[in-house]
Amino acid sequence: MMVIVDFTVVPVGTGVSLSPYVAEVERVLRRTGLNHELHANGTNMEGEWDDVMAAIRSCHEALHAMGVPRIHTDIKLGTRSDRPQLMAEKVASVRARLMD
Amino acid sequence: MMVIVDFTVVPVGTGVSLSPYVAEVERVLRRTGLNHELHANGTNMEGEWDDVMAAIRSCHEALHAMGVPRIHTDIKLGTRSDRPQLMAEKVASVRARLMD
Amino acid sequence: MMVIVDFTVVPVGTGVSLSPYVAEVERVLRRTGLNHELHANGTNMEGEWDDVMAAIRSCHEALHAMGVPRIHTDIKLGTRSDRPQLMAEKVASVRARLMD
Amino acid sequence: MMVIVDFTVVPVGTGVSLSPYVAEVERVLRRTGLNHELHANGTNMEGEWDDVMAAIRSCHEALHAMGVPRIHTDIKLGTRSDRPQLMAEKVASVRARLMD
């Protein structure tokens, strides 16, 4: 089952700057080979359910290994059984409507 | 890695009543044996990362099998490397502070 | 417009124990008079949109006043135009289906 | 208090295509004048707390006026008391680290 997710990893019990941790998340995701894209409040990613969830687990493992004692993560995800969908199509279909 | 999650499954492209689907989610979770508790806006659950994510995937599969064409799910989750934690302790530790 | 929300306030840049902050959130909410209930991963609350959002803003203000430099909050919310709904009904309607 | 949010509006009890509703959300946001950006799983937006929450409420009102009976929305938000921050800086600070 394919899934499209947006997720945000929030380290707790560390300093106030989170960019070192977000950069580490990005490095972990690059190694997975999954299609993903960083945005201002999280990361969009798509792939097989198990691969996507294993990638997010790897992010948690990497941050705990950096010394983060506690991690809060939000995931928004979508699956469809009616037809396949890619992340790129979602923004494109909204833009097409705005140009009508 | 143990994880505590709160998740909400939102069927899209169905009727306005969601309780048949939330009831099915509850039935799926009971079969997993994972500790979980329904609340007004979702379900709290705890267990090993892979077991928890497989349980949520099973909920998606069960709802698609009921004919739901599209599902949006939110997951909030927490992991800790400093010490183990159970859901039951989280509310208890807040209540203890409120009684000080 | 009435809204039912679930929200979780995550202090960033503090120590690893979050219960002092969750307790403060609870104290702020009690002063608002809004119907709310703490659960293992957040707080359910219901009321008029503006009152609910002002309550969550007050929680942020109170935590910043305690010295929390950065706060991440998740809110899941629902509104309906077909009929009014209360939090208490949501769990009850699922439970009724499970007893069929 | 300034806030940076990511939010996703999920119409419930409608057809399976959500792009007409996401396009309407975009039209509502353009009228608010708030800085915002659509991405594959939601919209990032920044501004004063009350303005941002009023904008999201306007999206709900507009969708209910289109006939959507029930709406589920997720909001992730962040506030800071240590220093001001803009959305554009968040991605830039992560990218700078990845180039080290």
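As written, the chain order gives the labels A, B, C and D, with residue 1 at the start of each chain.
FYI, contacts are C-beta pairs under 8 Å (C-beta built on N, C-alpha and C of every residue); 3 or more make two chains touch, one makes a residue touch a chain.
The structure displayed is predicted, hence computed values, not measured ones.
Colleague: With respect to inter-chain C-beta contacts, which pair, A-B or A-C, contains the greater number?
Modeller: Of A-B and A-C, it is A-B that has more C-beta pairs in contact.
Colleague: Select the interface copy of A-D from among B-C, C-D or B-D: the correct pair shares over half of its contact pairs, counted by residue number.
Modeller: Looking at which residue pairs coincide with A-D, the repeat is B-C.
Colleague: Just how far, in Å, is the C-alpha centre of chain C from the one of chain B?
Modeller: Their C-alpha centroids are separated by 17 Å.
Colleague: From the mean C-alpha coordinate of chain A to that of chain B, what's the distance rounded to whole Å?
Modeller: Here chain A and chain B have centroids separated by 19 Å.
Colleague: Centroid of chain A to centroid of chain C, CA atoms only: how many Å?
Modeller: Whole-Å distance between the two chain centres: 25.
Colleague: So which stretches of chain B touch two or more other chains?
Modeller: 8, 13, 16, 69-70, 72, 74, 76, 78, 80, 82
Colleague: Going by the contact rule at the top, pick out the chain D residues touching chain A in the complex.
Modeller: By the definition above, chain D touches chain A via 4-6, 8, 16, 19-20, 22-23, 26-27, 37-42, 44, 74, 76, 78, 80, 82, 87-88, 90-91, 93-98.
Colleague: If we count contacts the way the header does, which residues on chain D are in touch with chain B in the complex?
Modeller: Residues 8, 10-16, 18, 69-70, 72, 74 of chain D touch chain B in their complex.
Colleague: Over in the complex, which chain A residues touch chain B? Could you list them?
Modeller: Interface residues on chain A, with respect to chain B: 1, 13, 49-50, 53, 57, 60-61, 64, 68-82.
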